[in-house]
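As written, the chain order gives the labels A, B, C and D, with residue 1 at the start of each chain.
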Amino acid sequence: MVTRRTDLALEAGELWREGGGDGPPGVAEREWEEAGFRLRELRILDAQGEKALGKPAGTYLSMDLDPLTHREEGAFPRAAALLAGLLRRLLSIGGDETVLVCGLGNAAITPDRIGPEALRSTLATRHLLHSLPETFAGLRPVCALECGVMGATGLESAELIRAVTEAVRPAAVVAVDALAARRMRRICRTVQLSDTGIVPGSGVGNARAELSRATLGVPVIAVGVPTVVDAGTLAADLLTEAGLREPPEELLSRTGAGLFVTPRSIDSLVRDAGKLIGYGLDLALHEGLTVEDVQMLL
Amino acid sequence: MVTRRTDLALEAGELWREGGGDGPPGVAEREWEEAGFRLRELRILDAQGEKALGKPAGTYLSMDLDPLTHREEGAFPRAAALLAGLLRRLLSIGGDETVLVCGLGNAAITPDRIGPEALRSTLATRHLLHSLPETFAGLRPVCALECGVMGATGLESAELIRAVTEAVRPAAVVAVDALAARRMRRICRTVQLSDTGIVPGSGVGNARAELSRATLGVPVIAVGVPTVVDAGTLAADLLTEAGLREPPEELLSRTGAGLFVTPRSIDSLVRDAGKLIGYGLDLALHEGLTVEDVQMLL
Amino acid sequence: MVTRRTDLALEAGELWREGGGDGPPGVAEREWEEAGFRLRELRILDAQGEKALGKPAGTYLSMDLDPLTHREEGAFPRAAALLAGLLRRLLSIGGDETVLVCGLGNAAITPDRIGPEALRSTLATRHLLHSLPETFAGLRPVCALECGVMGATGLESAELIRAVTEAVRPAAVVAVDALAARRMRRICRTVQLSDTGIVPGSGVGNARAELSRATLGVPVIAVGVPTVVDAGTLAADLLTEAGLREPPEELLSRTGAGLFVTPRSIDSLVRDAGKLIGYGLDLALHEGLTVEDVQMLL
Amino acid sequence: MVTRRTDLALEAGELWREGGGDGPPGVAEREWEEAGFRLRELRILDAQGEKALGKPAGTYLSMDLDPLTHREEGAFPRAAALLAGLLRRLLSIGGDETVLVCGLGNAAITPDRIGPEALRSTLATRHLLHSLPETFAGLRPVCALECGVMGATGLESAELIRAVTEAVRPAAVVAVDALAARRMRRICRTVQLSDTGIVPGSGVGNARAELSRATLGVPVIAVGVPTVVDAGTLAADLLTEAGLREPPEELLSRTGAGLFVTPRSIDSLVRDAGKLIGYGLDLALHEGLTVEDVQMLL
């Protein structure tokens, strides 16, 4: 069978259902609406669920961005507040414990720039709390790390994050990254959060090393937005839709190798999605901040 | 019939031949090798040729970059010198006449950044010749204009170029832009030069306005490198190769609309191609400069 | 007598008074407070005033930024609204006439980056009104031009602005630039607006060409923030304060030539001042916009 | 007595001599010329020398850049090779041991950007040797770390460097930084190298934390270029030259606090000096590379 690549748990669930029959075993799903946004929770409960969806056990939350995409009045502050609420559900730590936010991805490749863009709107506060503890008393210590590109540093992102985690000893790490979706209609239209960290094979780039409680020793929350579709996945779906029951493997691998598909407007889509994640993080991490406060502090 | 989009004249020729029969009418082609690089000349001679290839009459030169891609010893200076030679063939102007080099494309979108990258290696000399005419006596006056993004300026690139052309009154304009290829294997593997300027519908972005002798009043040399394949073109070729004689139009337009396909390593590919074009321009425009001279002057 | 350089009309007035006696002839001054900010108006009425202050006849408005510097609650929106009011006083044009905003200065030199920073918060709207006239009906057509650096383009800023002015035919040009103050305490603490345009010798860089109604054919409003003190001016004041009646010219010119003095925190000062100017321009140019609207549109 | 601030050991020696009498005790100096460049070695031998010059014991090498400043033919490759030779004298490690190069300083402040500029020309090779050990067999593993700005990350540079040093375990650290000179004529005209690391109070920014064998556990080579003169130092020298025997402390501290003096052309000066350091490092760290090799690899 031809594999479709997706980093979205909800699409992995859809793929399972396309095989026919019921929902995947070992998986609990629910869906609801809040403030005009559609939210979903998918929990992979056990080894059966892991096998069915090809993802590690844990909680996957996602939020559709339609009201934002349609530029509804007041959609941005509502979206940021909802995202902050979802993040807080996954981050169960005290209000003054340090958090390390890592922006993964190569800023020189537009659809891989979700992490760096999110950092542009993320408040780094740890040094302020060291130097002016009274002025900034209400804030949580946050470090923000842009991981850069291996070609520029000679260091893998995972090495750098591990080194800084050991030095800073945060209570949790949040890793922001670009994802691959199966369907073009999901590009920059959904945000996924999970408490499983980041596992090899995710992301727009070819190889991400694992970032998880197992490798870092602290909880790792992954926040991602799909920005590309793998060209091989697009091709396989296209041939299936055109009626070919068995798309030729050779043709697919020749078409898809090392290629991705992305929309022409990817620059503004990535900028908007990164801004939302940054604001969502700020509201989640610092008790009592508003969108206006963040705008003034940035 | 399903259309394949390509900005490369040589691919337009291939498409014609796929229709069966001889080479396109009203078109003269030749191919040769120099210093290890394969070069091609395609001339569209008349209205028949224009119709067959869907491009305006004129000369299209192209150069394959294989020796550079394989990182052969000394390939870069040889490639830059060859490119300079091709440019000089199209630019028939005196050695001290002003040239305006325009870098088209949105620098925030990786595959659209060929123009801005080329400008990073293009020597702007006009102000030096004004202020220190004796020191820089051997150089030609060159202006280098990054056209930026309409969203940031409120101005179309073509408006800006026309305004500067009227002010500077160059003997020729060189417009550097990213192109769409039909075949992935051509991405960043070929450079195309033509004396026809740039016509609507070219480029990675959705719409380029015409830049030509008709609109600017001076000869316009276009220099381009393919950096994307249109997703609809990829899909149509894929379905044909898989044996479907009539790929369903609806499926194709749904798949391809506003999407492009590009390789994961597009950032370094674009950087390398832009550098080559910049050096090629410098060697073509200034008599007697070497690659080492350019490196020191940049 | 040793010259002190200043681009601020109010400091030119102070310098005159240091010479002893009354206020400068041919000059009308007044000062008031609004919303916690100190505002000043200085009008140079005639040739006597021009000679006394060494600046062309016209209206110079300035606004002290103290409440912003002290990070008073709500200071930013108040400052932006006040600045917008001052701009509207100088810009007497209809609500749908085009305005060209030019950001002068070299973005690679921190204190010269006021213009480029202001453009980051300036809404360019002209292309939107062309493509979607109904959606953006309330907005004024605005073009935003970053003039770049002669070394990168071979074009002088003034040439580029003149070319675009001829092409776009705006009803007015607004030129944003960094200024030199006489006193360090004014660095990034005041904004100056004038209806005289920009005259040679202003700015952080060595040479600005004249941008005025005389050279562009339309009214030119200059908006500036002092970001440096000329080293020779600092030296002359220092020697005078230390009690030397006649600071030796040779020593001064040796100390000051081509040097400027600026604070270590100039990067964040310039960022903040540029943002204020951008927002002030947006509120002045588009009827009915609020700071929140601008934040969402940027 | 009024203090003059300088990060250059050779200027500290000059200051001592201005006090009258012989050269400083506990200090050995020599000076010579090579390939047209003037080189100096100053060794602080003991506690007496440390006290006299206010710097830790160790070797300080410096190289004047005059032939480069005057754009002599072939000056750049000669300067890079000489700098590489000086670096190798201080770095006594095996050819395949890992080196960590750190670029200190805030890239948003032009004269503080020496470190980030040097990194743009420094080859990061460690990841290449991991992934393609045979292709890159001749190179040394090098990591290149841009330390960024505390305000953007919440991390001090020294914390980040210590964390990466512990993770990567290099045989030596090279720290590139901007320096303060006493004399304007030394701005970007000299490079200083030392085996003492970086000590608090150096640099253009207000506070650098110590980076030395004591804090990092491995040898730390500091490479620096003076890019500013402290305004208080300039003022004190100016008043002394004007004949004031006792410049008033209050006036000086009021003039100088938090200010620096720098030339108007600082952007191109810093770019050129950073490039030289990057190339010098590449030639020093990788046996057998030439300037042309580096140009192709970057």
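Keep in mind that, in the parts below, a contact is a pair of C-beta atoms (placed from the backbone, for glycine too) under 8 Å apart; a residue touches a chain by one contact, two chains touch by 3 or more.
If you're wondering where the values come from, they're calculated on a predicted model, not measured in any experiment.
Moving only between chains that touch, what is the shortest number of steps from chain B to chain D?
So the least number of steps between the two chains is 1.
Upon optimal superposition of chain C on chain D over Cα atoms, what rotation angle is obtained, reported to the nearest 5 degrees?
The superposition gives an angle of 180 degrees.
Which chain pair is joined by more contacting C-beta pairs, A-C or A-B?
If we tally the C-beta pairs in contact for A-B and A-C, the bigger total goes to A-B.
Counting shared numbers against all numbers at the contact of chain B and chain C, is it over half, same, or under half, different?
Same: when the shared numbers are divided by all numbers used, the fraction is over half.
I'd like to verify one number: the distance from the centre of chain A to the centre of chain B, where each centre is the average of its C-alpha atoms, in whole angstrom.
Distance between chain centres: 37 Å.
Between chain B and chain C, what is the separation of their C-alpha centroids in Å?
Computed from C-alpha means, the inter-chain centre distance equals 40 Å.
When the centre of a chain is set as the mean of its C-alpha atoms, what distance in Å lies between chain A and chain C?
Here chain A and chain C have centroids separated by 43 Å.
Residue numbers in chain D touching 2 or more other chains?
Residues 151.
Using the touch definition from the top, list the residues of chain B that touch chain A in their complex.
Against chain A, chain B makes touches at 106, 108-110, 151, 184, 204-206, 231, 234-235, 238-239, 241-244, 247-248, 251, 255, 258-268.
Would you tell me which residues of chain D are touching chain A in their complex?
119, 124-128, 141-146, 148, 150-156, 159-160, 162-164, 166-168
Applying the document's contact rule, which stretches of chain D touch chain B when the two form their complex?
76, 295-296
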